[in-house]
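In what follows, structures are represented as structure tokens.
Look for chain A in each of the two complexes below; its partner is chain B in the first and chain C in the second.
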Partner chain A sequence: MLTNNDLITVPQAVALIIMTVLEVGLLSLPREVATYAESDGWILVIIAWLLAFICSLVLSTLIRRFPGETFIEYSQKVIGKFLAFAIGVILIIHFVLATAVVIRTFAEVTNAFMLPNTPREFIIIAQMLLTIYLIRHGIEPTARIAEILFPLLLVPIFAMYMIALPKADFTELLPVFNTPIKTMAVGSLYTMLNFFGLEILLILGPYLKRPDKIYWTMFVSVGVIALIFLFIVIITFSVLGVQPAKQFIWPGMTIIRMITAPGRVFERLDALAMALWTIASFTASNSMYLAGALTCFHLTKAREFKFFITILFPWIYFLASLPPSIIATEKLRHIVRWGSVSVGIAVPVIVLLLSIIMKKKGETA
Partner chain B sequence: MGKRFVTILIIVFILFSFTGCWSRREIEKLAMATIIGTDKVTIDGQDKWLISANMIKPRDLASQGPLGGNGSGSDKPTVLVSSIGATAWEAGRNLAARLPRREYISHANIFVIGERLARDGVDQIIDVILRSKDIRLNTWVLVAKGQALDILETEPEFEELLSQEVMGIVQNQPVASKVFTIDIKRFANQLITPGQDAVASCIEIFERKEEGQSQPGNSSDKGNGQKAVRLGGTAVFRKGKLAGWLNDEETKGYLYGIGRARQGIISLSVHELDKKDVAFAMTRASSRIVPRVEGDEISFIIDIKAEGDLQQHDDTRPIARPDVIKAVEQKAAHEIKALVENALNKAQNEFEADIFGFGNRLHKRYPQFWKQIQQDWREIYPDIKVTVNVEAKVRRTGMITDTPAVN
Partner chain C sequence: MTNIFSKLYNNKKEELFFERDMSPDKSRKLKTNIGENLRIVNEYLSDCDDVITRNFYMGQGGKHQMSLMFIDGMVQMQTVQDDILKPLMLFTRQFPLEYNVGEKFFNMVKEGLLTAGDVKEIDNFGEVILGILSGDTILFIDKMEKALIISTRGWEKRGVQEPSTEAVIRGPRDGFTETYRTNVALVRRRLKDPNLKVKTIKLGRHTRTDVGIMYIKGVAKPSIVDEVLKRLNTVDISTVLESGYIEQMIEGDWLSPFPQLRRTERPDVVAASLIEGNVAILCDNTPFALIAPTTFLSLFQSPEDYYERWYIVSMIRILRFIAGFFAFTFPALYIAMTTFHPGMLPTDLVLSIAAAREGVPFSAVVESLIMVIALEVLREAGVRLPGPIGQTIGIVGGLVVGEAAVRAGIVSPIMVIVVAVNAISSFAIPNYSVAIGFRLLTFILMALAGVAGLYGIMLGLLGLTIHLVTLKSFGAHYLSPFVSFRFSESKDTLIRGPMPSMEIRPGYTRPQDLDRINDRRHDTIDKAGDESADQ
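Here is the complex of A and B:
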């Protein structure tokens, strides 16, 4: 079934999942939570953390139940061939859209902060070529790249935002629990959408070397992601202020523009920040693109998956250049996130429940 | 053969596409602005923006380096450029008419807002600043008394560049605690946070006399000396429009009230009523603004704690005695209280501007109650009762105890 011995270890899986979820969308997270709940925004992140963890539990349980099998395979067993095929097609569309959105947002941020005159198409194609080159080698090298880039991304991000800490005014986080429960619930649901990327687990299943450790993998991954979210939201709120955080398109980036690195060596950190976000969006688009290609591969039971990378290329490019403006890109991002909820939560929950009711299990489990 | 040819072709294509930064801006093609001024002017009955900036002349700065020797020494290191346009950015781009290089504003660290523009409303300028990707949020905001352009015209006295001079003055302010300095980020935050009115430091021109400086605050006296800039007082905004100025002493009271006073001298009359004979050098101060809600009655308590040293004693009577020190402490507390109440009075009654952020404190402490009164806050605010409690401590008396008697 598998092309070669393409298995990823637990640390690799953790890195891959974290790097998939962390992408440029993180820069706009403080604005979103501030819009929903003002100074209670950071509480939304914590609630969203719990919700995302529950989702990941569902996904992990599926993997534990059907070890070594692809999502398409076991959903065929549970809900029938036709429905499974339809879901597979939806999954492909979702991953293609997600790749397009990640790459497009990256191009927008690059255009806004670094290369104002570079054609957006060029940034998109350059990024995609690099992604294609990597993911043609399969899932293990992709996960390895994620593992290598993981500390290279996280350490500087923490260091960078820590520099802003002396400017923080933590009274900006007051008042606490001042948002109506309903707004809070809706807000945390929306905030949970920022965890989009977790649905990659549907594809990752058969490639895990230790599917028995999947719960631990997910606990660590979701925890790290949520802590990063929380860290950035709190820093943004306390340094920038809640009201300004609502105004900026990328508050996470705006903070970088107001700090000066100590030691007067690097006065401006914009370039470093851009480099980091390039890494983040590169790894995110890798995973999404690969997931799309692998779903095609599972669905058609073809001999190898590289072929599908080429097939998906024009569609991703087309979708990435479709939105006319940044506002439209944000709209598309929302659509993708809702898609992620439906394929990442609703479908797995249904499949899991049906499999429990029908007492279907994987062969080795 | 064909395959190799295709490979080479692809490599050549890739090489062409990675030739470097398309959007690069070389440093020798840039005109770096160090200080930016914005004004509103009326031309033919139409309001126009007047943007001015001090641009560095790179050659001159370089020539003062160790390798350059002494270049054209008499030249100013900066050029003042200004232009007019219907929108701020149009005005900014119109600078191109006289700039041989592309203007570059990322390194500007002082942003001066002209008085007229401030009176019309800073909301327009705040959009210009926040929307721009080039203006940094840690740029200092100053409001000019008069035109910003005139401020930019003055010559620096200490430093080479006017921006360095103003920057130095801004950073030197905590020692006196008489000027409220604020950067763009905090300024914007104040403007858009409900229950808070904005303040910014005021920059003005004074003319130096032949010997010594003119009286502070007396900027209008016409000497034939050189013009220089000073920071003094605070611009108070109400609903984003400049409402008026606090003078140095009122600013001091304001700083004590919001807990932003760092150091500074307070002169006291201890032994006699009309003579300031003790200088109390504050070394540490903090303040806490506590809202109180009883029924529909809103009141605030400002708790101020100040610590300091005895810096000067202009009398031969004994001072290094616990009971006298206690008297000094009481006088200091009384003086600080008077300063704060003075500033409060001006903010509440003259400008009706909530510069202490009472509304914001209320919002943080009593969020539900705030929701009910938020709409009417501006009407409620001037009549709110504010109690100021000050506790002052004298920690040290300097290098001597009692004042030596001179025969």
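Here is the complex of A and C:
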């Protein structure tokens, strides 16, 4: 089937999921939750955590039910060939869009904070070439990269935010429970969109070494992501204040620009933060791009999946260059998130329910 | 009629046949007539003036014709004279020997007369020629279709000396020499283990170099041993003058700037890695042994890491990694910081850099390139020159030219510091092969930093990470134990844990015997302490 038969181990899967999901929320999450619920924003994160956890349960159950089978294969059994094909096409479009958005956002942030005069196209193409160089090696090396870069990303991020801690004023987190329930509910739904990226598991399911440990894998991944989000929101609110957090487009970055490394080694840490942001964006685009190519591969039942990497390249580049401005990019990102909810939650729920009703199972389950 | 034809056939000069590996045909058996044998051997070795043929007779009245062949300078003349010629000629002179007793006579010579240590029978020209060329002595006996090969190898060689490239402060001072057997013995002396296996093959069509594989049976994973043997056997190369030839022929990815086999001059390093389940490849004519599989981490280790106390070693290891990082990023970081991100540095530093760069005609990229290239030239010149002059080059190049260049305003003083830090850092990497790989990466990163600043450096570093993550050395991940990380292996990575706590051997070789230390030490020490307290 695949040229590279290596499978993803549990720690690799955890690292891959966390790195994929993290990129999206890392910079803009504090702004969003502040807009919805002011100082109650951190509660939104906790509720979104629960929602994302339920979503991950659905995905895990599907993978347990059909071990070793691709999503396309078992959805064909459950909802018929035509519908499964349609969903497959939608999945491909979704992943291509997601990759484009991740790469475009990266180019925007890089242009804004690090390289104001460098053409955006250069950054987009450089980033895409790097991604292609990696994912051509296959699935397991992609997961291995995530595993290696995981501590390299998280430890400095924690360290940087910890440096900001002395400036924190935790009264900014008060008052608590001041938001109406309805706003809260809508807000948490929107916050849950920040967990988009979980749907790569639909595609990576058959490549897990231990599908029996999928619940544990998902539980740890979603938990760690939520804790990181919580940490970032609380630090941003308490250091920056809730109102300013609403106004900056990437408040996470603003904090890092505010702080100075101890001993004044570096005047500002934003270049260092950009280096980390490169890592985060790189891993996210890896898994999205890989998922897109793999979906093509599953859908066409071709012999070789590397071929699809090349096919997807011009489309991703085109879509990444499409939005005329940052605002348009953010809008596109929003569309992708809704797409993620529909293919990441709605479709799996339907497939799962139908498979339970029709009593269809994988051969080995 | 047939008689005539056969005579014609016999008179026709037989053509010499060489196999593809330049050795004479092994299927060609020795003749009964000693004159015929000598003629054929001399045909093979025609125009080889260093081959010496010594014809003599033995026994009372000199009935038995014999002949010795060896190469001058490759045999121990002492052995040839005292253990071959003397017993055969001198001691048998008084005894009336029966004429032409064939096998019995041959065995008497082999088992009763020759006092040399290692004597074997051979029956074909291939082995005869190879034996002569390897420094053995061949004894031809008339009327016999066999000859005796007597191991008399011995030539002028360098003694066991302290290795110059891997000096340690604490640790054994003996290093490998150019002689294969000496090297094997140096390792064997450290591992008196019957499971230490040595397999020797010959590589190189012209050089026919002895190449040996050493491993410990029951520790090394058989598949790794097989893989090494398989790759060695596929090597078809004309010359093997140094283990570097073999290294480059059997490594998996020859596009990589990183060595996939670790090379060492130290027998203690070989012994230590054999115990960890590695396979060592020893090559004749070079003091450098190869160790496979290897990891990125092991290239940053020095044997001293295990001889000193663990606090110190851990600190030194971390320093080495910092140095290793600076060894290929420092000029690139300077370019990125000064050209693209001056805002990241402290204001005072930016001001002083700007002040120092005032009047420098070139951009930071060109300035760095000039200095780094100048440094590479200096390094290369220093290596080629003999010791005392090499130091002069360092002083002239480093101090005089550097100082003059700064005074003349061609480069800024900060650039000199950057390049100096870069060079010193690269010298802190224990493995020379990695250090030169990093030199190359310096240039690539400088170019990337010149194009896209810090983002360019990140691109380079991520690309490098991808390459390292996908690189494998004989089936072992190059970046292990960091890929598929296991906590139990973390004690011998960036730091080195206390010796009693390192209970298992590293897992990248998948050794069959994982135990390193069975920690009963504390029990015995505690008991001893208790007992002495009781008394």
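The definition used in the following text is that the second predicted complex is superposed on the first by the 359 of 365 C-alpha atoms of A that agree within 3 Å, B and C clash if a C-alpha of one lies under 4 Å from a C-alpha of the other, contacts with A are read in each partner's own complex, and residues count from 1 in each chain.
Just so it is clear, a contact is a pair of C-beta atoms (placed from the backbone, for glycine too) under 8 Å apart; a residue touches a chain by one contact, two chains touch by 3 or more.
Not measured: the values here are computed from a predicted model.
Enquirer: Touch test for A:241: chain B only (first), chain C only (second), both, or neither?
Expert: A:241 contacts chain B only, not chain C.
Enquirer: Should A:112 be classified as contacting the first partner (chain B), the second (chain C), both, or neither?
Expert: First partner only, chain B.
Enquirer: Kindly classify A:144 by the partners it touches after superposition: chain B alone (first), chain C alone (second), both, or neither?
Expert: Only chain C; A:144 stays clear of chain B.
Enquirer: Under the stated touch criterion, which partner chain does A:282 make contact with: chain B (first), chain C (second), both, or neither?
Expert: In the superposition, A:282 contacts chain C only.
Enquirer: Quick one: is A:130 in contact with chain B, with chain C, with both, or with neither? Answer first, second, both or neither.
Expert: second
Enquirer: Could you look at A:274 and tell me whether it touches chain B, chain C, both or neither (first, second, both, neither)?
Expert: Only chain C is touched by A:274; chain B is not.
Enquirer: Could you tell me if A:9 is touching chain B, chain C, both of them or neither one (first, second, both, neither)?
Expert: second
Enquirer: Which partner does A:171 contact after superposing on A: first (chain B), second (chain C), both, neither?
Expert: It touches chain B, and chain C stays clear.
Enquirer: Going by the contact rule set out at the top, does A:254 touch chain B (first), chain C (second), both, or neither?
Expert: first
Enquirer: By residue count, is chain A touched more by chain B or by chain C?
Expert: Result: the larger residue contact count on chain A belongs to C.
Enquirer: Can you list the residues of chain A that meet both chain B and chain C?
Expert: Looking at chain A, the two contact sets intersect at 114-115, 118, 122, 126, 268.
Enquirer: Which of the residues in chain C end up touching chain A in this complex?
Expert: Touching chain A: residues 340-341, 343-347, 452-455, 457-459, 462-463, 465-466, 469-470, 479, 482-485 of chain C.
Enquirer: Which part of chain B faces chain A closely enough to touch in the complex?
Expert: Within the complex, chain B touches chain A at residues 17, 21-23, 106, 130, 133, 136-138, 183, 185-186, 188-189, 192-194, 363-365, 367-368.
Enquirer: Which residues of chain A touch chain C in their complex?
Expert: Those residues of chain A that touch chain C are 9, 11-12, 110, 114-115, 118, 122-123, 126, 130, 133-134, 137, 141, 144-145, 147-149, 264-272, 274-275, 278-279, 282.
Enquirer: What residues of chain A sit close enough to touch chain B in their complex?
Expert: 112-118, 122, 126, 171, 174-175, 178, 240-244, 247-248, 254, 257-260, 268
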